[in-house]
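To keep things simple, chains are lettered A, B, C and D as they appear, and every chain counts its residues starting from 1.
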Amino acid sequence: AGGNDTAAGGEAACEPSAVRLVGQVRNESNPYEASWLAGGDAFAKSVGLTQERLTYDGDSTKQQEQISQILAGDTKCLVMNVLPNGDSDTAPIVKGADQAGAYLVTQWNKPADLKPADYKTWLSHITYNGVESGQQIGDALATAIGGSGGIIALQGVLDTAAAKDRFAGLQKSLEKNTGVKLLDQQAANFSRAEALTVTKTLLTKHGDKVKGIWAANDDMALGALEALQQAGLAGKVAVVGIDAVPDAVTAVKNGTMTATVSSDGSWQGGVGLAIGFCAATGKLKVEEIAKDNRAFFAEQFLITKDNAGEFAAPKTNPADFECGNVFNRVAGPLT
Amino acid sequence: MKPVHRLTGFMPLIALVALVAALTVADPDFLTQRSLIAVARTAAPLIVLAAGATLVVLCGGIDLSIAALASLSTVFLALWLPELGGLATPAVILVAAAIGAAQGAAHVLLRIPSFIVTLGGMAILSAVALVISGAGTVRVVDDSTIHWLDLYLAGYVPMSAAMAVLVVALIAVVLTVTPLRSWIAATGYSESAARLAGTPVDLVKIGAFCVSGGCAGLAAVMLVSRQFSGGPTMADNLLLPAVAAIVVGGTAITGGHGSVWRSFAGALVVTLLRVGLPIVGVPSAYEQILYGAIIVVAVALTLDRAKVSTVK
Amino acid sequence: MTSEVVNAPRRQSRRGASFRDAGPPVALIVVFLVFAALSPQFRSLDNVANIVDAAAVLAVVTCGITFVLMMGSIDLSAAGVMGASALTVSLLVANNRNDNDFGLLGIAVAVLLGCAFGCLSGLALVLLKVPSFMATLGMSAVGLGVATLMFAGVQPNISDTMVKGLAIERFLGLSYLTWIAAGCVLVGWLVQRYTRLGRYAFAIGGAEEVLALSGVKVKPYKVAVFTLAGAFYGLAGVMVTSQLGAGLVQAGDGYDFSAITAAVVGGTLLTGGRGGIGHSAVGVLLVMVLTNGLVQVGVSPYWQGGVEGLIVVAAVAAAVIPQRRRNQVVK
Amino acid sequence: MSVPALEVRGLVKHYPGVKALDGVDLVVRRNEVLGLAGENGAGKSTLLKALVGLVAPDAGSIHVRGEPVRLRSVVDAADHGIGMVFQEQSLVPNLTAAENIVLGSEGPAVRRGVYRWEVMRRLAQEQLDKIGSRIDPLARTDSLSFADRQMVEIAKVLRIEERTQHPPVVILDEPTSVLEPKEIDTLFAQIRRLREFATVIFVSHRLDEVLDVCDRVTVLRGGRSVGEVATAGAVPRELHRMMIGSTGSDDHYHENAATTVVSEEPRLSVRGLSGATFRDISFDVARGEIVAIVGVHGSGREDVCRALFGAEPTTAGEIRMDGRTIELPSTRAACAAGIGYVPAERKIEGMVGPMSVAENMTLAKQRARLAGPFVAPRKQATLVDSWIRRLSIRTPGRDTPIQRLSGGNQQKVILARWLVAGDVRLLLLDHPTRGLDIGARSEVYRLMRELAATGVATVLLGDSLEEAIGMADRILVMTDGRVATEVACPNGGKPSPLDLVKEMV
């Protein structure tokens, strides 16, 4: 047993109607991941299927449990678009899918030495360049405070690649912007509520030395905004974040936030399934996928007041999910 | 009286069967051999974790640190495997058992409720795990010495599940054939009476925490063999499922009454709920609602009211 | 069940507080002074106000949990109830998702929803005999599920100025929310001291069987206590929503265990029958002083959780020293 | 004659494996103090619980002032003017005395759920005044002495007067078992006052007490009423004979079996022992000797006993067993040293209620049921059954949870706990006969003598002065944590209780 009895995928093409689409994210209770699942649904509908939605509450073990269970079912024409909870969760998912011959696209988290190109049905790994986005918003923050002054940083969940890369990006930015001083850094675990309390405390600790707040995601940036408002500092301290969740884009648009970076949840949710669907139905040959597309950074944009309008209403473009276009947003290979 | 009594002992099993039946009705594809094997394999770490912590609960305490300790142990194992090889596994289990015992000793000697000691322990162990792992995943490149746990016995039985059964059986047998069961039950039902009957209450408690810690270590080995890596928060989310497994099994949270076999069945019930509901297509929000409701009903079924007079 | 060593009758009869209650307040003062000595920012008036403000939500949650703990039960439903109440209030007051603008009524409904959840937990306990640990854990999952349903993928942001104002407007240097929390503590104290519900909760923790022998039906009181606790969590969910300006499913994350920690640190026994709102208030302040102080003195974020855990254990250990006896039962 | 206050006809109650009541009849006349006597397990408590609605009888009827009634709850019974002070103390320890007194029928003290402390205090004070007690109604109950708690219970029961116009029936189930002699005197004075306006049912295993305070005694045996004795002129022996259905031994304390203590090397030797509640305690107990320690509550004698069992820390002093100095950091160490302890609080400290008779009996001496490191079920069964027979423990079986046994039988199991291995050298007995019937007591005494004959040394905290005098070879009198004096107590040269009381104050 253990699952090797299914023929490795890719041999006989599946009927489009026989394809089983699974999208798995942490939960449905945050806007980013909700939009991911919505994107997946939209794609599935466009090919006349439905997406099986799985959520695992940010619980690594639960994610693995669900994956094993899915893989214990019929895997012949299975397509999975998965957000691994952390780097450590990717390997077992990949090995399981590989054994079962299920088509797999992973996003965000993956250890550097684990490569899709080494596997047959792990089609692609998609992520955003966290170092770059951390640096971009760092630079934007530096500009906003006029190139000099103190800032504080709110880190994400410490043991995630996203948190670490983004903070590394901030440090790069600080090297360039020598006038900017990092007064303090605290972990607020990507959470709006934690960011609120931590920011309040840091504001009393550093007082009016704080000119800007760098947050590793928008949720924390929004929490920081509330803290500023409660401290009567709304508008006096610049705030940046990452993710381009609708509320953050609105805040950027009306000037309460300085910048954010687009991570396009609904595109991620759709394109992962699309890649798998194209491969399963034989429209995309695994061997023919360019090496650089097997693990890539997706395009991302710095969103500031100038271009916020364009991102205000996120919508999926069905054209993005056509088999010829699924790699249109590749910004470069994973480094 | 007698047959009724017998029946209550089987309640956890009955709940388990009922749940499998319900899931099968919801999705006939669920009841396949592969699917059940996957459940067994998946449940193994939870079974081991819950079995160990059951001893603490039987003594009337609670161990909230098991999950954090398991996470820390995955980091230890991943860090030590390159150097220690095959010895890494026993080393991790021993260290985890020692950490468990240390918490037990703090509870007993400082007279602090186990809830608080292990809540503090949970925070401290998490911090240590974060620091020594550099706040990241520690990859295991050569997993040859723990790979066996990820294999299948006779091609069908997941080795980790067999191991879990073995651990549960071992604990159960040791308890029944030695005075330990009496000591633990007496401690859990009435600590002062136990002590005044010369029961080594403090040692029994420290021992229970020690076994609980060791089991957390073993669960960590299973997780690493499955994940090919260790991580500082890898097992953190197993705490509440483990406690739920114990209670769903019908072990009294107030101590004294219960068994590791009950927790075994409880862990399977909890695992089925965790994986079964989403797999048969229950949407996320309803899944949580159903999980909450079913678990309450399951406990209502499994608790042996003849043995547990006041329910708090 | 929880068997305490029978105390030999104490020499003189006792009516008020006593030395054995002094541990937690002393620990609070010591921890405060240590941080004050280490960090000038910590002892600034602004920061003290900040600590008190930050304590508001935890204080309200702890008020609720204290009554449950006094009975010797436990309550882990805060996270779920708060999430459900947060979503409820954010969808009922002026918001970006619908045209509702119910104001105070919205708050009332959220609090009532909290009551309903608490009531269900209590009923599961007394009717199904499910231990509160599990009943409330299950209820928390149900609450999160209900909240997720209401969330429906789009973050509800509130525009109700009254609700938002609670977190922003100040009176005597403290936010309105803090005054609400103070009000809750006062109400809790009055309930504990002057109502049958409060005294029976205390008595249930002391000797539940005796109440039954005296012809008191304890079940309705147990249900009522969980309902009361639910009301506090419901209100806490509203408060978090006011602070964040949005209804989050995660509004109550972590409050369950923090509140229990606070109550226990304050000297409420998990086995019931001892402690109360006053003790819990001290515990809440101790926990908040700790979290704030560790940031102020610049302990690395990696270590903060660990150091906090260590100090909590140490504080409880120090607090129990006056009550240590050789044959004492500690669970 | 007028209608009886209470009448019971043919009451039957089955429990799994036992017939607790087997058609019992009882008549209680107005304004009398009726004694209820019977061996452990005779059904006294069960009968009384039926009278307050806590036990639903399987058959039979209860008549209150001639009217048949069905009592479904305590409240029901109170409405009919019947209230009970339970065998186990039943006050909420963390409430005030006042709250306990009004508990369940607060009346005007609670308006719409809101306490009116002043009214409550007044109501409680009125109750306390009825019985002339002078405790502070707002004191926390757990800060009161046992005797005061007893007063609170009686004050509480008298609240039923508020519910009926008829004189109340007050039931006292073994109220004296935890009281000191002086406290008992106070209680009896109360009972005599109660008789003026109430009817009292009184249960005690101390037959002299029963004869002293009651007007009439009904004797139960095996769940039936087997007779009635007017107390005037009756003697305990007569009563005892009715209880057990045959003539008991005259030699209650088995003084004939007392071993002559040869003053060889002492088995236990205590020098300068000090702790939180006692100071500078020194005494010896020889092999085969029974030494009683007497003293009032707070004299520190219980703590000395516990210290000798490693359950109470000591600050100074030395303990020697058979000449060798021993350290007692834990109860376990004491067990290992061959010391056994029977605590006074049986329910909380003695037995583990949900565990079986067998497990409770072998709890302290696991070795006795092991073969190698393993439990040997057959060995355990034989051992336990032999002790069940030897001590005539009345139980459906060795696997019955001990909490289902009557108090006296529970106590025998606890005693057997120390004997099963046959290795005990020193027995510390804190009120070992509390709650035991006269027959069971006698058996315990015989057992003590037998053990003494094998060289076991015994320290006894007696249930009464008489017991101490009857059993002891020597008596230590403790006051305020010190040994005030030592009184020799040989057969034939026993001191009188009065002699001891003089030393105790």
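The working rule: a contact is a pair of C-beta atoms (placed from the backbone, for glycine too) under 8 Å apart; a residue touches a chain by one contact, two chains touch by 3 or more.
These numbers were taken from a predicted model, which means no experiment stands behind them.
Counting C-beta pairs in contact, the chain pair with the highest total is B-C. Chain centre most remote from that of subunit C: D (centre = mean of CA atoms).
Look at where the CA atoms of subunit C average out and do the same for subunit D: the two points lie 43 Å apart. The centroid of the Cα atoms in subunit A and the matching centroid in subunit D are 72 Å apart. Here the CA centre of subunit A is 33 Å from the CA centre of subunit B.
The set of subunit C residues that touch two or more partner chains comprises 3-5, 144, 148, 209, 302, 304, 327.
Shared interface positions of subunit D, defined as residues touching 2 or more other chains, are 311, 331, 348-349.
Among all residues of subunit A, those that touch two or more other chains are 27-28, 158. If touching chains are joined by edges, the resulting network of the protein chains shown has some other shape, matching none of path, cycle, star or complete graph. Inter-chain contacts occur between A-B, A-C, B-C, B-D, C-D.
Listing the residues of subunit B that touch subunit A in their complex gives 29, 32-35, 37-39, 41-42, 45-46, 130, 133, 135-137, 139, 151-152, 155-156, 223, 226-235, 237-238, 271, 274-276, 278-279, 281, 283-285, 287. On the side of subunit B, the complex with subunit D involves touching residues 1, 176-179, 182, 185-186, 189-190, 192-200, 202, 256-257, 307, 309. Residues 54, 73-75, 78, 86, 90-95, 99, 103-106, 110, 113-115, 117, 135-136, 138-140, 142-146, 148-149, 156, 297-298, 302, 306, 311-313, 331, 345, 348-349 of subunit D touch subunit C in their complex. Within the complex, the subunit A residues that touch subunit B are 1-3, 27-28, 52-55, 57-62, 64-66, 68-74, 86-89, 91-92, 95, 111, 113, 157-159, 161, 164.
Residue ranges on subunit D touching subunit B, taken from their complex, read 16, 309, 311, 330-332, 334-336, 341, 343, 348-355, 359, 362-364, 366, 370, 373-375, 417.
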